Structures are given as C-alpha cells and as structure tokens.
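See structure below.
A, B, C and D label the chains in the order they appear, each numbered from 1.
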Amino acid sequence: MSRPNIDRARLRELHQLMHRIRAFEREAIAAALDGRVLGAIHPSIGQEGVAAGVVTNLRRDDRLLSTHRGHGHTLAKGADPRAMMCELFGRVGGSCGGKGGSMHIADFGVGMLGANGVVSANITIAAGAAHAIKLKGDDRIVCCLFGDGAINRGPFLEGLNWAKVFGLPVLFVCEDNDWAATTRTSDMTAGEGAAARAAALGLATVTVDGNDVAAVDEAARQAIAAVRGGGGPMLIHAVTFRHTGHTSVDPGAYRPADEVARRIAEEDPINLCAQLLSLAGVSEEELASDVAEAATEMAQHAAFATEQPYPDPAGAYADVQDVGSPLERAY
Amino acid sequence: MALISYIEAGRRAVAREMELDPSVWCLGEDLGRGGVFGQYKGLAERFGAARVSDAPISEAAIMGVAVGAAMTGTRPVVEMRFSDFALCAVDELVNQAAKARFMFGGQSKVPITVREPIGMWRSSAAQHSQSLEAWYTHIPGLVVVCPSTPADNYALLRAAIRCDDPVVYMEHKNLWPLEGEVDEDAATIGLGKAAVRRAGGDITIVSWSACAREAERAGEILAEQGVAAEVIDLRTLWPWDQELVLASASKTGGVLVAHEAVGVSGFGAEVAATVAEHADVPVARVAAPRAPIAYAPTMEAVVKVTAEAIAKRVLRMIEARG
Amino acid sequence: MSRPNIDRARLRELHQLMHRIRAFEREAIAAALDGRVLGAIHPSIGQEGVAAGVVTNLRRDDRLLSTHRGHGHTLAKGADPRAMMCELFGRVGGSCGGKGGSMHIADFGVGMLGANGVVSANITIAAGAAHAIKLKGDDRIVCCLFGDGAINRGPFLEGLNWAKVFGLPVLFVCEDNDWAATTRTSDMTAGEGAAARAAALGLATVTVDGNDVAAVDEAARQAIAAVRGGGGPMLIHAVTFRHTGHTSVDPGAYRPADEVARRIAEEDPINLCAQLLSLAGVSEEELASDVAEAATEMAQHAAFATEQPYPDPAGAYADVQDVGSPLERAY
Amino acid sequence: MALISYIEAGRRAVAREMELDPSVWCLGEDLGRGGVFGQYKGLAERFGAARVSDAPISEAAIMGVAVGAAMTGTRPVVEMRFSDFALCAVDELVNQAAKARFMFGGQSKVPITVREPIGMWRSSAAQHSQSLEAWYTHIPGLVVVCPSTPADNYALLRAAIRCDDPVVYMEHKNLWPLEGEVDEDAATIGLGKAAVRRAGGDITIVSWSACAREAERAGEILAEQGVAAEVIDLRTLWPWDQELVLASASKTGGVLVAHEAVGVSGFGAEVAATVAEHADVPVARVAAPRAPIAYAPTMEAVVKVTAEAIAKRVLRMIEARG
C-alpha cells in the first residue's frame, strides 16, 4: 500500500490526535468502571479517523455540533482535555462546571457548541448556527456530526431541507458505524442511507472510508472549502466502526464476535494510519512515542480530575435563567 | 398614545425591537405574507425577507434553528402559528432551548421568543384551541407570558425579545381585534409583574390571558351585587407575582383563580396551592373540564369560563364564609 | 385529443364524483360565508382528480388517512355526504357528532380514519394502520394523502422509512398543488420533491398529472394492485392545482392572478374529463345532468344540515375516555 | 407469590397480556435485544419479532404508528426508552392519541400503553432525568400511571394494557432493581386507586413513584419522633384517588405532597389545590426546585426529595399547628 501526495507531517499530526482521543477515552472507560465517572460514556474508539480527519479542517471560530459520542470531535476542535476530563468526572474545573457530563460536553471558546443527549437534535441547531452566520455575513462554517441511526429521525429531513433552502454554510457528517445501540442500522433503515437521502434534498454528498484518516482529511478539506466558498450545505458519509459496546458498560454481545474481531483487525483507523506513516518512513520509535505521549497526557488529566472535588451543590441553582429564581418559594 | 388592537400592538413591538437591535429576526411559516393572522404584516417589506423569514412546514426545524441561531448571537422571534403546532417542536424547546444554558454550565444563553397563539377561537376544534401555558411553567429555564391587553402585548413582547431567556409568549387568538391605548414610548413592563385590573376588598380573582377580561367583567357583575372583587391579571406566569397575589389574599380573605385551560394541573393549581400554603384563606378554581375542545358552538361554549361562571363561584365562596 | 382504452362508463363515474365533490364544497363555502359553517374550510376545488382517481380504487374495507383538505377524499371513500355536511355545520347528525368539523372529518364505517389538523401527522398513523394489517395478515391496504407542504415535516421521513422497513401495504399520495397556505412550496423545498425523497427511502414512485383523472385512475389502480400484492409501500406524486384560496376566507391574493386564471382555464380536472367524455361520445346533456344532479344533491344536504339543531352541550363531556370522568371534581 | 424485581414485574406483565391477547404487541428501539434496561428480555424470542418489534430511532413514528395500529384493532405497548425522548413525539401523543376518540365523535378508541421511564438515575443529567407526569395529567384523554412497587408495576401495567384509553405509563428508573412480592394471579388493580402504605392519624403524606418510597421512609422517621403519618401512594395520577386523600385529610388535619418532579406546576399543585378547595386543612409541598438536573452527583443529589426533607417539612407543619 502506497499513496501519492501523502503529507507526512499532516498525517503524523492526525496520528497523534487519534491516539490522544483514544487515550482520553480509555481513561474515561477505566474511570467509569471504577466509579470515578458516574454517568454514561459512549466511546468512539475505532471512529477517531472521522473526528480527526474532519474536525481539524475547521477553523477555531467555525462551529461544531456533536452527539452523545462526542469526545473525539471535541478534542479535535481544540477543547482542553483536562477540563473535559473533569467534566466527565463531574468535578470542579469541568468544561460545563460539572453540569453536563459526557453527553453534554461543550466548549464555546473553541466553537464547540455541544454534544447532545437527543439523537438527531443537533442537526436543526447546526442549521440555526449556520443561519446566524448567513445573517451576519461572516465566513465561518458549521460542522454537524451525527450517527447512522440519526438519519431516521425527523430533524434529519427538516434540518437538511432548511440548510439547503437557505443555502447555509454547514457541513453535515454522518458517522456511519453500522449500529445504533444494539440494532444493526441497516435493519431499520430504508433505501441507500445518508448520502442518498441528502442527495434527494439537493445536497452535494461524498462518501468516504472513515477509517482512512487521510481520505477523510482530504474529503473534509475539499468539502469545507466548498461550503465556506458559498456552495451551500454538503454531506459527508463516513463509513467506520466502533470497537466497543454502545456505552462503556455495554459488552456488545449482540454483535457477531468474529465480525467485530475482523473489523477491528482490518479497519482500525489508527493502525491504518500507522501503516501509512511507516511506509512514508516514520520510525517505529516515533510511532510508539505518539502512543506513549498520548497515554501519559491523558493519564495526567485523569489523575488530576480524580483529585478534584465535586462542585458545590449550590451550583444546581445557577445558570438556570435570568428571570425568576429557581428557588423562589422553593419547597 | 395610540388606540390600537392587540394584534397591531404585537406587530409594532416586533418592529420596534427590530429597529433597535439588528440581531432580532423572525422566522415562521408564511411570515413573508404577514403571518397567518397578519401579525407580521409589512415587516418583510420593511426589514427584508432575511430578517422576516418564511419557513418550510417544519416546526421542529423552526424551533431548532432558532436555538442554534440564538446560541450564536442572534435573537430569533419564533412564530409557531397555533400553540398546538408547537407540540411538533417540544424536544427543541424543552430539551434544548430551556436546558442549554444550564447543561453547558452557563457558556451560552438562548434568547428566543416563541410566539404561540393559544385559546378557543371560532370553532377551531381540538387541535387548534389548546391553552397549555401550564406545561411551560413547569419547565426550568423557560419564561412564560400571557398578555391580555394591547398595552401589555406591546410592552411584554418587547421585554420578551430583550430577555436573554427563552420566552414562551402566548397571545390569545380571540384577543387579536381587542383595542386599547398603547404608549409606544413607555418603559417595558418587567417580566413577572401582575396588574391589578380592579381594586376591591372582598375577594381576590386571579386570571390571565383572555380569561382576565372575563374576570374583569365578573368584577363588574359582582360590584352590582355589592361584592368588591380585586381582579389581578398575572400577565406573566413565570415568574409570577406571588407577592401581589398573597398580599391581596390576606387583604380579601379569599382567592379564586380562573383560566380557560383545563383545570386539572392547570396553572390555577399552582396559584391555588401557593396561596393555600402561604395564606390561610379559602381558595377555589374555575377552569375547563378535562375534555378536548369540540367543534360545534354549543359544545365549545359550554366549556368556556365566562364572567358569569366566575361571579357565581365567587358568590358561593362569599356565602360559605357565612 | 383522443385516447386509447378510455373506459367511458368508468370515466363518467369519475366525472360525476368530481362534480359531487365540487358541489359539496361550493355549498360548504357558501355556508361558511353566511355563518352556517363556523370553523375553517379548506376547499379542494381543482384537486378533485386526485381524490376521485385514487380513492375510488380502494376497497371499502381499505383504510384512508386524509388531511385538512379532505372532503373530496372522504366523499370518494363512500362517506355519507349528508352526515359530512352536518359535521361541517356542527350539527346533530354529523359524522363525528359535531365534535370534529371539517378538519377532523372521519367515517370509520367506510374505512376513512380521519382528516387531520396537523400537517403530516397522518403519515405515521397511516403506517400504523398498515402495520396492524400486516400483524393480522389480511389483504387490506392503507392509502394516505398529504400535500406538497407536508413533505418538509419529520413524519414524512419517519413514516415512509417505517413503511418501507416493515414492508407495509400503504400507498402514499402527495397531492402537489404547488402551494402551502400563502407560500409557494418550491421556495421552501430543497431537491426534487416528494418522489425523489420517497425514492431515496427505497419506495417505488409514480408521478402523474393529477388533473387528468383517467391517468390518476390508471396509476392508482396499478399502484394499489402492487401494494396489495405485497410489493411494499409506494408513492404517487400527483401534480394538481387548487382554484381557491387556502381556506374559504382566503382571497389568495399572494398568487399571481394571471397564473391562477391560466391554470384554472387549462388544468381543471373536471373540464379535462368532460372534454374526454365528449370526444368519447357523451352528450352535452348528459354532462350537464352530472353537474345538475350533483348540485341538487348537495344543495339538499346543505338545506338539511341548515335545519338541524346544534348538539346538546353535554356532548362536550362524552367520548373523552373510559377511565376518569372529565367532570370529576370539575370546577 | 414470587419475590421479583420491579423491572421483572413489568416484563412479566407484558408477557402475560401478550399470552392472553394476541392483539397486544410491543414496539420500540432495541426491543429485539430486550430493551435498553432489559425490560423486554426474552420476549422477542418467545413471541416473535413481529410482536416485539424493533424500531428505527423515530420516536414520532413509533408513537404515530402505535396510534394508527391502535385505531385499527391492535393494542400496542409503546416503549419510549427515556420519558425525555417522548418529547420527540408529543404531537402524536397529545394531538392525536389523546384526542382521536373525542374528535371523531367516539368512532374510535386508541388503546395504547406508552411506557416512559422517568426520574433521576445515576448522573444522567438534564436530558435523561425528567419527571413530567404532571404534563400528561393536564391532557384530556390520557390516563397517567406511576407505580412504585413490583406488585403495582405488575398489576397496573396489565391494567394499562387492557385499558381502552391511551395510558402514559411511567416507571421510575431507580426502582428497576427493587424487589417485592408479586402475586401474578391477583386481580388487576383498578386504575385510579391509591394505596395506604402506612396508616396514621397525625398528618397525611401523599406521593407516588420512587418518591413514595421516600415518603414511606419519612413515615418511619416520623414515627420515631412520635408522629403518626398516613402515607398514601397515589399510583395513578389520572384518575387519582381524591376520595381517599380527602378522607385522610379530614382525619389527620394536614396534607403534605412530595414528589421528585419540579414543584412549580407539578402534580403536587393539583393535589394541594384540590385538598385546599375541599378540606379546610393546611397543605404543603416538597418537590424539586425549578432547575434542570445536573450531572455531578453533588448537584444532582441536592435537588432530590428525600425522606429526611419530607419528615422535616412535616415537623414544621405539626409545629405550626401549635
């Protein structure tokens, strides 16, 4: 396997980022197992190629809307992993002050406008963020990621239609990992899926191997340029695979073990990327150092988060609204 | 001061806020042609189609788009046409708009004003007549406004658009033609302040929206019978003016809450319960039975709360005092 | 203009039915103007070709789900026009006892499961009625009509996807009259519209001139046979035009007058049908008698309805639910 | 009699009704693998995939399909996974299911059972923790059930499935593992009947769902302090057992309502208002503040209604009696 035009430095960056994402989530899973993380964790291990390849092509002031499986997207957008880890741990110093947890992680400072606990809900919100950009006339864009299961909810239709009708600068990315929780998505999805549906709504679409981070990178770069150039909304259909269960506590027994084993072996985006880098002359040591550095960094964040206190309970009454106290005549 | 209708007051409130603040914009079906009731007449011509935007029949998207646009620096006025159709966008309002600020630890506010016309109106039947204001009072993060006069519609709609919280703004369809004096230069009314429509010492009647007009009329009927009712129009249901109501309750020694919505778990329950908890006075409610609203005028009328029904109930309360 | 295989008798039936629908609505509009009808009326004048051509191909025990613009569909399904008229008038004897009015007209006795006041809401309900048929294993089908504006709401996606995933016997019919209330639908609709979206969901689709009742009849016959035969859901996209405003009180000033005049002149399904019948040898007298009979019939129903009393107010508390009286501790 | 968990009781109730009535079927996401909490474990194997049907992530369709299938002779059990996601299907439930029978003049009933697990559970945060039972009590046409024990979950879920009305059936996620004796051959409990969990003459505590367990514990705490509380678990919120509550109120001379949901416009307001209207006794409420639910355990715990908080409030009521 050899490829023309491999940008070694760029690919190395992506390799490092994918390892950081994976290391972050390994820490999160470990913490969920031993009770340091209390809420649900949806790991994206195996899907890092999409997060890294797409999101790093955004500018810092571009906007990102993510899903319940959003750690990778958030890290790739440049959010502080220490604050993210604290958020997952529900501790002081968390990105959302401990109010959101994994499913609501957000960092508005880097344009990351939130994971979402409701499948598909981020799609119309993304269209809205893009609508605001159009009203203001600046050249940001919005990127909205969602899973293959999300295309069966109404907001997929309503949001894509809206974005196309108003010619909005939004890049939709369907991160297709074949499964929605314990259900094989194809069993519950009519027609050809995300790209066909988007095309029927007039969007330009691209399908890409989401496990080939270089391919994702290239597709995203082009799509983002087109969207930023005023070409209207687009959709990237990125085919990938989740290695773990749906959540950190899900053993995933509903998936045929041999299929899972084969796909992990053959399709892991980090392995594939490392192979490319090897061929391009990056040494084993260099590759190993990417692993080690990522692991060290995230272990430190997890250790830090473990030491942080839980937030003051009084925070439960803050950030609710300006008008009308939540405690007014509270019982 | 000008004598204008309730609907025109709403139109002017939006226009004024759009003049003052370029980040205010409106979105909803048929807004380009002035909206289904004419509430936006002329605004697209004046402010352009981008700021008074038509929309596909996509209530979920209308609301969701507003949420995204509000989180990123604009102030959308969302038109839901009939509050009944807002039931197609509840996730967007309740799970997203109302919670975003809190969930994200204060990183973002969601300054949207969601106009949801409510109420019974000309044989509109079960899917076009509901008054679900109580629902939204139960949802943390939301402000709920139910104006009953042109002046209030003007001032409160302006206040709602300026408010950084998501506001559910419920105009009553039956009030559209109601005329009244409006001072377009008056200060906006603070959200949460009730109005005393009629002062009196014998009993307190609390209401809002179109039913507040019935309550006022009930005050007149009662006056003829020698009962001095204090009629309070809440105007804003969250926050609501508990101080005023409780003060009136201690003065009059009894509170009747009247509203058009279904009685069971209506906002009248909250008012009555609060009064019962904090003032040792009798409370009562007059509201709709727990039935959908029928089309035929006889069946529609029978579930409507009228001035007469309110007055009758008040007289029973007075009698019970012995 | 001449056509092969014109079944004169069949076409004559359709002609009569279209006139009956139009006459029914003319009476309803007149009654709305003078206050005998109080609620909103959405006339389907100009669209009778779709109602007649599609719905008469259903069996009586097939199920029909309709919209706010449903008088024609309901009549075509065989509902009693006298009861329908009483319902619009909100009088005793109405199909729904005066509780529904025009927007909720229904006649379960002929399989007409309801008009609907919420755009697009009938689509998932139709899928459900079809799902029940599949569970029971009988050979009925469900027909679901909706407007071109309805395809922008989520239930269009969710309902069609559902029907296809479960292989349900349902015929969807998009009655495309170019407008949604005061908005030209194409301005708010991305992509190629109903058929393209349905095709992306894997449904077989047919586009037909909805003003050509013979063509609709043929297309519907074929589609219904296919659906009944177990072929899964299908969609007919029927292009038509509404002659009146959106409601009986809407002057429709937002539509270019010349366009409206031209389309009424050129595309009226009743005129087009009459021309075909003329060519096929049906006399002017016969055609005129279809008009007159329809007018007489519906005038009688309107006169009857006008004489009926309004329902007993106590009905407001009936048909609510079995458990828990609406008046229990009523205030 | 068998000692089984609350979740298992629900599973057996569905299985029993499916055995008895071939028109009962279940639909929802991931039901083929037993449902997200395992409430349907083994049912697809036993009754086939057609009767225990997976669904796309399409809450609106799940609900709408159930409505259509219920109007045509089947009895769907609708699984919404988390009650929060049911907010994606409100038009279908409120505008369609609840109103169809009435709008169509009684031509059709809509016998669906909508299972909507509610409540705070393991740091699930704002979009997976809500208790919106009050909303559905406000909607004509709907029945609302909130069981708190395995026995009730078994009997009431069976009653709900048999009921011809649309029933919003809210299990509390925190109760899944709770064990109790269940008599699978007992008659189903009538919808609308409350249970007295503890008899007492000093004060009445009314609650439901998981909070009813807290109320029971409060009864124990109070007993230690010499206060005999009567603890009533409503079980069904619409219809609700007003007779029992009012009789208890006149006996004890005071009613406290406790629930996990937000206090403002919670169903506690309806109970308190009803008691205040019909019995001349003090009323009070203990419920959550009007704030979304936070993720971090400290902030989550502080808004939870506990036995201690209930007991404390009761003692204040007793004190106030003087």
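As a convention for this text, a contact is a pair of C-beta atoms (placed from the backbone, for glycine too) under 8 Å apart; a residue touches a chain by one contact, two chains touch by 3 or more.
Just so we're clear, the structure is a prediction, and the values are computed from it rather than from any experiment.
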{"item": "For chain D, the least number of touch steps when starting out from chain A", "value": "1"}
{"item": "Fewest touching-chain hops separating chain B from chain C", "value": "1"}
{"item": "From chain B, the most remote chain by mean C-alpha position", "value": "A"}
{"item": "Separation of chain A from chain C, taking each centre as the mean of its C-alpha atoms, in whole Å", "value": "45"}
{"item": "Separation of mean Cα positions, chain B and chain A [Å, integer]", "value": "40"}
{"item": "Interchain centroid distance [CA atoms averaged], chain B/chain D, Å", "value": "30"}
{"item": "For chain B, residues that touch 2 or more chains besides their own", "value": "55-56, 58, 60, 84-85, 88, 91, 95, 102-103, 125-127, 140-141, 238, 274, 284-285, 289-292, 294"}
{"item": "Multi-chain contact sites of chain C, meaning residues that touch two or more partners", "value": "94, 96, 98-100, 104, 116-118, 152-155, 158, 161, 165, 187-189, 320, 324, 326, 328"}
{"item": "Chain contact graph, described as a line, ring, star, complete graph or other shape", "value": "complete"}
{"item": "Chain B residues within the chain A interface of the complex", "value": "25, 50-51, 53, 55-56, 58, 60-61, 63-74, 76, 91-92, 95-96, 100-109, 140-143, 163-165, 191-192, 238-239, 242, 274, 278"}
{"item": "Complex interface listing, chain C residues touching chain D", "value": "63, 65, 94-100, 104, 106-109, 113-114, 116-118, 121, 123-136, 142, 154-155, 158-159, 161-162, 165-166, 318-326, 328-329"}
{"item": "In the complex, chain B residues that touch chain D", "value": "84-85, 87-88, 90-91, 94-95, 98-99, 102-103, 125-127, 132, 134-135, 137-141, 238, 261-262, 264-270, 272-277, 280, 282-285, 289-292, 294"}
{"item": "Chain A-touching residues of chain D, taken from the complex the two chains share", "value": "29-30, 32-33, 36, 54-60, 84-85, 88, 122-128, 263, 284-287, 289-292, 294-303, 313"}
{"item": "Touching residues (chain side chain C, partner chain B) in the complex", "value": "38-40, 87, 90-91, 94, 96, 98-101, 103-104, 116-120, 149-150, 152-154, 180-183, 187-189, 254, 310-317, 320, 324, 326-328, 330-331"}
